[in-house]
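After this come two complexes, each holding subunit A, first together with subunit B and then together with subunit C.
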Partner chain A sequence: MKALGLKGKTMEDMTRRDALAFAAGLVAITVLPLPVLAAEETAMDEINKFVGGGEAAESGRVTLETPEIAENGNTVPLTVMVDSPMTADDYVKRVLIVADANPRPGVATFHFSPKSGVAEASTRMRLARTQNVIAVAELSDGSFHMAKSMVKVTIGGCGG
Partner chain B sequence: MAKSKPRVKAPKKADKGEVIAIKTLISHKMESGQRKDKKGDLIPRQIINRFTAKFNGESVFEVDIEPAISANPYLQFNMRVEEAGEFEFIWEDDDGSVYTKKQKLDVT
Partner chain C sequence: MLSRRDFLQVALATGALSGAGNAWPSFAAGTMLTEAELLAFEPLGNVTLLHITDIHAQLVPLYFREPSINVGVGESKGLPPHITGKAFLAKYGLEAGGAQAYALSDQGFSTLAREYGRVGGVDRLATMIKAVRAERPDNTLFLDGGDTWQGSYTSYQTQGEDMVRVMNALGTDAMTAHWEFTYGTERVTELLEQLAFPFLANNVRDTDWEEPVFDGIATFERGGTKIAVIGQAFPYTPVANPRYKIPTWSFGIREEAVQAQVDKARAEGAELVVLLSHNGFDVDRKLAGRVQGIDVILTGHTHDALPDAVTVGKTLLIASGSHGKFLSRLDLDVRDGAVKGYRYKLMPVFSDIVTPDPEIAALVEEVRAPHKAELNRVLGKTESLLYRRGNFNGTFDDLICQALLEERDAEIALSPGFRWGASLLPGQDITVEDVHNVTSITYPAAYRSEMTGAFLKTVLEDVADNLFNPDPYYQQGGDMVRVGGLGYTIDPGEEIGKRISNMTFLATGAPIEAEKNYTVAGWASVNEGTEGPPIWDVVEGYITNHTTVSVTPNDAVKVVGV
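== the complex of A and B ==
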């Protein structure tokens, strides 16, 4: 009986059937991630719109707290913190939150002011499935900083 | 739907210079516009799309809210206390309704 996989076989004794199966496998590998990439692109679009030609650095100034595993995607807690003195001439203006595999990537935009005291906000969000949550902060000096956090979702939060 | 009820948890008294935490919640279904009813028709979106927190008329914290925010939207943020005065919290609904809540703050 022929083995189904390619295990223990060299390219020479690969049969026609094996070769076809192998090729089909390659096609599946290349085709499958495409919908995910498409969703990430829209999240990227949102981020690009937000930074408007600027560049967001993963500088460590933004901290994004999310659970590692969310059992219920309908209500996933999120806290974002940005390291800033929050004075009149050095503060965090806005923080964009996006989820890269939601049907629509936008989650919220927080607008801070020097009166905020500290640049920190918490809320609860819906996540359709396992994905990255990204926070991008715009500082009063015009620089952008970002942080990314992966959340594993057991039950998606988009309803029927 | 039932009328949305806003709730706020913020200190009534604080020291000058202190940074206080403010927690808000409003009862709202936050219909995302992604769900379908039993007949397969899309249920139209209806969410709270904006939240504003003001103190003595000046903006402290604002949020643009998307449908990805959970039902009964919860928001926690901070304010550095400089003077006594009054908070005003405003929630704006897609249907044009505006819900507000006011709360006083004393400085000790």
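== the complex of A and C ==
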């Protein structure tokens, strides 16, 4: 189980990957780094706001299905499922989806109640480039759980 | 032709689930190689799977040189199929300088090709398939891994129909697909009407509601055993090939959909579960460790030919090569719903040794007859061995790049890293058929445009990551984009953005400048509306202008860190 602290700069692997992408950006195009940094902070801001000082764990309870490589970055399908009995005593309240390198990282917030029966939702999102998509679920007991998956956005061609 | 030395004597494959024994025949000197010896196999168990894949519409015998470089990254580093040449022969205990080296490596290729002759030809394949079926009439299942309908002059002219007719006549039991989709939604739908067997693609969904477009699974009974075959189409077809040809079909690996289909098949009584896959070898190796309950993965896409099965847990991975060069036979002892033993042989189809099947030979003749004059039209001659297979530029790619530079008056040429395409020996004529064998696609426009140095770097980095991402699920298959007029250094083990360095404009020897525009000619753009003459006309123009072509090995691409 990996805890994701949300107050400090403890999103270690995400930061490392983004730092590399950032370095790549510097080589290819020299003007982009500022907005990328800004977006990264906003993604963390979004999550911080959602958990309100709590901590989200990668506990395996959240399943996030996204393609490994996007067929079309403008409309990338995602399905999020949270393992929960969805009873009055134990249910999923909300699920936040963020894309950490989009100019506007917030993708969606899904609201559930015990009457939802199952905590599952699907939608499509636009991804500006290769990045992590993060789902954070708030349960009725006040705990937070998360899942993360990387979606690659490529210029394509050449396969086969 | 065949000399007295290095002939095939079959020592039988003795595989067991413990993985004992090298399943390739030993080729002892002094024994005459015969069709019977190529086919010799001590049957085992109750099920025989025959597998071909990636024949790329090659109906008649050809030469095909295996790669000299196939870099593995991450967990695949140093593992088959990422071993080539001498190291490959050593790994499998195969003899250098003989039939084994000829079939499975690049070592001494031009010399051995003259000795052992061409490989493949569907009429030869038919003879071998029929022989196995005659021996095991109730036990045999013949499966095609896809990339069958594309890659030749006649498949392009008939828009895949010649291959559908041939595969029907071969009595194929099921197929999956990749390049088939490049004929577009409408044509694929038409061809499926003519197809006499299941076309399986469990991972293709419609873009509206994510509902299945094709059957995902077919069940068979052979030797009293219930067999489920799940088809897995190439997951990145709409990324690697033009999305506009199939705008409403969505692909992907969809691991959870594979698992669901396996579980359902088992629940319905399947005793043997086979994944007929076009994922590519490394993707299948990863998938085998994550999806439970698959007995056999018949791999495809990456064109690897391995003389022994690779095991991941209880799953057997088979790699049957490409271009009709091999027929795989896997015998399985299935009892109490489990595989108790297996025996495997990767059978090389040496065209001079195997007798053509008259029925299929007549059909091949029939489908080629209307195109005979064009197929045989000689454009020129090559002084060099022309081949494509390998992670970086092959000599045939260098010829295509040279044609693009010259015929399209460009500074830099880009040519796709396809893994298909027949080889030509030094001294051979180059015919229209030969040019089509390395260029035949449904989006052939040779574009000419301007690109900045920075954009060229982005292209190289992007393609390199599709090939060398350490996580196979993020790999797209294919090889590195081929370049003309441009040199670079690549470190495959690096991260995206850091693999490519020392980009050099070869005309002047100066470094490529990020802000500067270069005139670039290329082909196989996946973008709709790309304009230009078909690539085969460009290559034809170049060859006829030069009469005789000669290609010196490309030393402008330097690979480091491997």
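Criterion: the second predicted complex is superposed on the first by the 116 of 160 C-alpha atoms of A that agree within 3 Å, B and C clash if a C-alpha of one lies under 4 Å from a C-alpha of the other, contacts with A are read in each partner's own complex, and residues count from 1 in each chain.
We adopt the following convention: a residue touches a chain if its C-beta (ideal position, glycine included) is under 8 Å from a C-beta of that chain, and two chains touch if they have at least 3 such contacts.
Please read all numbers here as calculations on a predicted model, not as lab measurements.
Asker: A:A121 in the overlay: touching subunit B, subunit C, both, or neither? Say first, second, both or neither.
Answerer: first
Asker: Name the contact category of A:K152: first (subunit B only), second (subunit C only), both, or neither.
Answerer: Second partner only, subunit C.
Asker: Tell me which partner A:A99 touches in the superposition: subunit B (first), subunit C (second), both or neither.
Answerer: In the superposition, A:A99 touches subunit B alone.
Asker: For A:E71, is the partner it touches subunit B (first), subunit C (second), both, or none of the two (neither)?
Answerer: In the superposition, A:E71 touches subunit C alone.
Asker: On subunit A, which partner's contacts cover more residues, subunit B's or subunit C's?
Answerer: B
Asker: Where on subunit A do the contacts from subunit B and from subunit C line up?
Answerer: Touching subunit B in the first complex and subunit C in the second, residues 122, 157-160 of subunit A appear in both lists.
Asker: Considering only the defined contacts, which subunit B positions touch subunit A in the complex?
Answerer: 19-20, 32, 34-36, 55, 58-71, 73-80, 82
Asker: Taking the touch rule as given, give the residues of subunit C at its contact with subunit A in the complex, in rising order.
Answerer: So the residues of subunit C in touch with subunit A come to 147, 178-179, 210, 234-241, 243, 250-253, 256, 301, 416-420, 454, 457-459, 461-463, 465-466, 469, 471, 473-474, 476-479, 481, 495-498, 514, 524-526.
Asker: How about subunit A: which of its residues touch subunit C in the complex?
Answerer: 20-21, 23-25, 27-29, 65, 67-72, 77, 122, 130, 150, 152, 154-160
Asker: Over in the complex, which subunit A residues touch subunit B? Could you list them?
Answerer: Touch residues, subunit A against subunit B: 74-76, 79, 86, 99, 102-104, 106-118, 120-127, 157-160.
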